[in-house]
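The first chain written gets the first letter, and so on, giving A, B, C, D and E; residue counts start at 1 in each chain.
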Amino acid sequence: MSAAWTNIATSAHSLLERLPLLARDFTTDWLPESARWLANSLITIATVVVAFASLFALLTIVERKVLARVQNRPGPNRVGIPFTKIKLFGLGQPLADGIKMLTKEDIVPRAADQVLHFLAPVALLAFSILTFAVIPFGRQLVPLELDAGVLYFFAAGAATELAVFMAGWASHNKYSLLAAMRALAQLISYELPLLLSIVPVVMLAGSLSTVGIVEKQAGWTWGFVPHWHVFTPWGAAGFAIFFVAALAESNRSPFDRPEAESELIAGHLTEYSGFKYALFFMAEYFGMCALCGMGVTLFLGGWQAPLPFLEIIPSYFWFAAKLLTLLFVFMWIRATLPRLRIDQLTRLAWKFLVPLALINLGVAVFWALTADWTGAIRAIRWIVAGALIVGPFVLIGRKLSSGIAPRTYRYAT
Amino acid sequence: MLGSGLLQGLAVTAKNLVGSFHDPARLTTVEYPEQRTKLPEAYRNFPFLVSENATDPMGTLRCVACQICEKECPPQCIYIEKSKDKKPDATGRPQLYPTVFDIDTSVCMSCQICVEVCPFDAIKMDQVFEIATTDRFTALLLDREQLAKPNDYYHTIHPTEAAEVDARLAAERKAAAEKAAAAAAKAAAAKPAAVAGLGEAGAPGSSTPATTKPPAA
Amino acid sequence: MTAVLILIAVATLCTAAVAMALRNLIHSALLLIASWTGIAAFYLWAGAEFVAFAQVLIYVGAISMVVLFAVLLTRQSRADVAIAPGSLGRVVLALIAGGAVLGVLVGAVLSTKFANSSATTPTVTVKQIGQSLGGAHAAALLVIGVLLTVALLGAVVLATTDRAEKEDA
Amino acid sequence: MGLSVQFLWLIPALPLLAAGIGSIAPSRDRTLASGTAIAALALSFLLSCGALLTALANPADHATHNFAWFELGHGAVRLGWLLDPLTALMCIMVTFVGLLIFIFSTGYLRADARFKQFFCFLSLFAAAMLGLLIANSLLLLFICWELVGLASYLLIGFWFHKPAAAAAAKKAFITTRIGDLGLLLGMVWLYDSTGSLLFYDGGNGVLEPSVLAALGGSTAIGLLIFCGAVGKSGQFPLHVWLPDAMEGPTPVSALIHAATMVAAGVFLMARVFPLLTPDALTVIALTGAITALMGALIAVAQNDIKRILAFSTVSQLGYMMLAIGVGSWTTAIFHLLTHACFKALLFLGAGSVIHAAHHEQDIRQLGGLRGPMKTTFATFAIGMMALSGVPFIFSGFWSKEAILHAAHAWDVSQLPLYLGLAAVVLTAFYMTRLMAEVFFGAARSDAAGHAQENPPTMTVPLGLLAVCAVGLGFLGTPYWPWLQHTLDPLAHVEAGGYGLMMVSIVLVALGLGSGWAIYGRKSRVKSSAADPLAVRAPSVFAFLAARMKFDELYAATFGRLNHGLAVFADALDRHLWDGAVRFFSRLGEFAGVVNRETDEGALNGGFDATSEGLRKRAHSYSRAQTGDAHGYLLMVAFGFVVLVFAVLLGGAR
Amino acid sequence: MNLAPLQLCLLFSSALFCIGLIGALSRSNTILVLLGIELMLNAANLNFIAFWRYGANSEPATGVMFVIFAIAVAAAEAAVGLALVITIYRHQKNIRLQDATRLKG
């Protein structure tokens, strides 16, 4: 009886697990063998783009809702189904925004570099979408399995900087240009800790392939502690650094200096309106999703379930859950922290994150060298590795925050 | 340690986020067009003309077309035309009345000077703010009919002030009535019977004989 | 396969040539970046995946930024942009020199009989690259690391303005 | 507990580490700098003791540990460590004396602002010196040799704000460089003829019989190597830098310019002794003898306490070279060890005096220090007697005696013996003079009058060194030549020769007696009074006081030659090459003029254009070297094309 | 004309090299000259990969290693070269290569 149930559960589970692949194969089954590859690729691309475009739409409204709730407001709740009184908690808002953006006049300054002005948002969006190619969304659900997947991800991500520059320069507006340069300085500064923080993962996993890295994180210690990288000292530190750097790389608060409305009149986006602006916006969210997806893949076990019995839930669900959690933390942080000044921002990168990432590299080396320590001695391994991270963190942190004190006012009280 | 402040901040925002769902006291937002809050009494915006009652606003305007407000208005947004004839006012004395009283609210700056200078408490500040229209020219030029609002409305928006005004007007009328009574008593020496009847009729709202002079004069 | 190669080659060469001919520096730089991307595509075509990504990461991600910053930091006045006297001659000379070199190279390539290689594509995994970087080429890797560090420091030193100098100016 | 040869590198590595730590330590942290330096050297001392134990287990063995440094062509440049009794004893001497001097320095330089740098340099020196000692390759030895020279330069010029110190540092560096050139040439020659620079390499080392037998022209190689030793050990004629080096802080003089570095030359000769042919040895013996006598003579007429000791050092080094020259390198090392102790003692004593007397170094200004500085006086007296060779108790007697015996037994010539005996008298004489002037009589200046005994950090090392200065001699007496046999089990030490010993004792007594007669009996009263010797033989004394005019001689010969060459080269540059350049430019100019004249003469526009083009082209030729990067690149491109064609055409033929 | 793929690759790299050369020779802007040189470097890298792909090589990773190191060196070169450009600009207020004929001054 129970065996039969187990069988049914297993087959149902495997069916669910392979559902996306089965659906794809079903769709392209009738095609000749040679065309099937192309069709499969197209379907994959379309699925990813559509999925993330809808996620983007959802995120815009969810973000506004979260921000509103943090500020004790209900948030956008008016737009529902048009021409009816059904409001649906305002879920029609993204659609309305989209229509508004599409129908707005596309203003291009006369002195602007027309071609580049057009190319900038397109390039940004294209590169952002490219980064999704190597993220494993589930078991066997990776659009492009590359041997050097991580490298590909960061190569494609690095190219987005170019688009920022193009936008700033093509606008022929000195504020835009200055803002673009500042944005570039920020992006380049944080590229370093971002890359350094993933080196331990690559080192310990012994692979540059995203699929391989996720597979390395399978299994549980004592049956309930997953082998995710974030549950090691170096992994936790690496994830923290990666997370902060990802915040900065995706121009999210508190590092949203490149787009700061109040200081830079929206930076390199000043001269953009309408659909191009929407493209920029979309690319930002895509970049954020891609970075979060990479964080999930590298540190949070990718599509692995957190507990053994939860494996019956399909892997792509777990990936989505982790991704959404990370995105929620992004919003939460945006709702909490004020924007950093440019000097504080670069100081944080160069004087705090980079040294810490380098130390973390050393800790990872220590971890790798002591891989054969078992039994009680493992506690020592943990204590040493933890101390090697926490100590520098406290020391560098003290150095970083020294000299920062509540502001004193001479003439006002 | 570095980061403790960040965590405290995150805790505060998380508390707010969660609290906004289960603690209705936190959500202070008013769903505006459906729900409205009562505006504070001190809020004032654009003048209106006070009429004594709502049934015949044009007939019971307090305004006597003295044109002081028109002269004092800094942006010159008031336009008044006097009537040719006279009608009895609240105290019963015959007064002029405005045949045209226009305020261009696209020019008006809600400075309240017209209210300050009006000797008859005939123009008061309103609380309207939903003044958006689709017509730039005529819709914002309010005429006599649009401006006239009953004294009860005045009581609903500025109750304290309205009470004061009413008390003052009542006192004036009483004084006017007493004066009239005194004058009637003097006249009663000559014609006592007729004046006694008129003195009874000197209550607010009723008309006064055309022979009596305004108290201010 | 060859068609793809020709496509890549033509695209790369065209962008490079146009970049070299343009007056607008920013356009030149951006076109060159496109050209570098084309080269990365060539590496991808040849099966050197890792190198292709490294090329994109370094050329498109890093060097391009340095170039663009340099261009913006050295904005010139209109007079400087104008063609310098005698530059036509230089262009002609350059074309002659380039043509001569091209002729020699093409002649050499066409006249050489290359040993026929095996038809199989050599494959190199990232693991292999990592192993030879850490093994046989470890010394070279270290030297490169030192070189990069020194170059970075040198670049910083070169590009930094002396505070005292600034005050003088 | 022995130290095996693989770990020999630890001995120099520890001071090097201390130098590294010292260089990055904050300058104000004095204890850290001195503490690490002293601790590192103390550890090195212990390790050296371990190394000695290992070496003594089999004294005849030359334990080596060789490794390839880098590949060069088909061969590899190989370096290595060498452990034998010579290395071990030298290491112990260097670390022991160095340790005491380090401790002394903490007191001597207490008030100096660059205290940390001083210890950093000292540690660097110690590391280089120890590296030199353990080297099993002439190349490694040379590298350390140069490092030692660098440390010496840094330390002599430590008070670089004094012009004299800066000049002395330069002089020391350049003078020793002359010798080092010889060493380098010798090394290259040696490598060329044997293909190896390793001393011992399991039968293939340059010092091993099979290679020596095959080696030709080794006299020249030996002499070239000796050039290095001449420079470093201050032998005639390159001794001029050593007295000037006394401008450095006194501990430096004690460590580098008395005990260790200057002995490196002697050590080098002892090390490569098997390479030296009889002809080379003769030259070495004569050089040593001349140096010994010359140094002693000049020392007689000096007034600066450190200069007297410096010339004494020159003289004693001469003795050691003499010993090597007469074929007894073990006695040379014996004297080296004893000399290191008592000369370090004397220098530290001098340092103690100078420190107490507020940096007054002129013996005429001192005097009467016997009373206030009892410890210094006693230890200095022991050092003086050891140096003078007072019989039987003091180590200097035994080592000097051994050298004289060896010289006596030399069958080529007796001249070195006679010169050495003359130096014995003079040594005793000038040391007596020094003692009498400094410690006896009355104080002749305020500085000397107010002198106080120094703190224990300075006096304890003096005491320890004094013990060594006495005791070390008994390791190599003719009756129990342990040291000689340990160094070289085949060494032959004559036990006899009491006649020579008697002569030597008499000569020492003569020196002491005459010194006391002239200076001690009637001590100097005023600092400005003339020297008694100067009164008796003014011209000789003046000549000696001017250090035999060596500096003047060099200035007059080499300096002038150098200047002349420079002037000549300048003139060549100015007139000949520049003239040629100008000539060609004139020629070009002339061609242009002719061109223009022709052009103007011919009323043809075509000619006009041609000459204009020519002129422009000429101008562009003249611009070929103007730094135009385009032009260079263009040339490279065309050059490439031309080269390819050349290769193609050549290939076709 | 029947060309082997290797020859095609080599022709491609030759052409790229010459474009870089012509650019470096003909442009007066120092940045463009540097970029031309960078292109020439890339052409060399192309050759490495081409020979790695089609040549009769014994070690599988040699060509790739070469290119990786060459890219690293190119990065260093670009950084230093452009820093020099900025220095030149600071000095002579333009970046015409013809004007930068002196090392000092």
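What we mean here is this: contacts are C-beta pairs under 8 Å (C-beta built on N, C-alpha and C of every residue); 3 or more make two chains touch, one makes a residue touch a chain.
Keep in mind that what you see is a predicted model, and the values were worked out from it rather than measured.
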Mutual neighbours - chains that touch chain A and chain B alike:
none
With chain C gone and every other chain left where it is, what groups do the chains form?
A, B | D, E
In terms of touching chains, how many steps apart are chain D and chain E, taking the shortest path?
1
So the chain most remote from chain D by C-alpha centre is B
Between A-C and C-E, the pair with more C-beta contacts:
C-E
Which chain has its C-alpha centre farthest away from the C-alpha centre of chain C?
B
When the C-alpha atoms of chain B and chain E are each averaged to a single point, how far apart are the two points in Å?
84
Between chain B and chain D, what is the gap in Å from one C-alpha centre to the other?
112
What is the distance in Å between the mean C-alpha positions of chain A and chain C?
31
Rounded to a whole Å, what is the gap between the Cα centroids of chain C and chain D?
54
Considering chain B alone, which of its residues make contact with at least two other chains?
none
Please list all residues of chain D that touch 2 or more other chains.
630, 634, 637
Multi-partner residues of chain A (each touching 2 or more other chains)
none
According to the definition of touch, which chains form touching pairs?
A-B, A-C, C-D, C-E, D-E
Would you tell me which residues of chain A are touching chain B in their complex?
66, 69-74, 332-333, 335-337, 393-394, 397-398, 400-401
In the complex, chain A touches chain C at residues 113, 116, 146-148, 151-152, 154-156, 158-159, 161-162, 165-166, 169, 177, 181, 184, 188, 191, 206-209
Which residues of chain D touch chain E in the complex?
626-630, 633-634, 637
For the complex, give me every residue of chain E touching chain C.
4-12, 14-23, 25-29, 31-32, 35-36, 38-39, 42, 45-46, 49-50, 52-57, 60-61, 63-65, 67-69, 71-80, 82-87, 89-90, 94-96, 98
Chain C residues within the chain E interface of the complex
1-2, 5-6, 9, 12-13, 16-17, 19-20, 25, 28-29, 32, 35-36, 39, 42-43, 46-48, 50-51, 54-55, 58-59, 62-63, 66-67, 69-71, 73-74, 76-77, 80, 83-84, 87, 90-91, 93-95, 97-99, 101-102, 105-106, 109-110, 114-118, 121-124, 128-129, 132-133, 137, 140, 144, 147-148, 151-152, 154-156, 158-159, 161
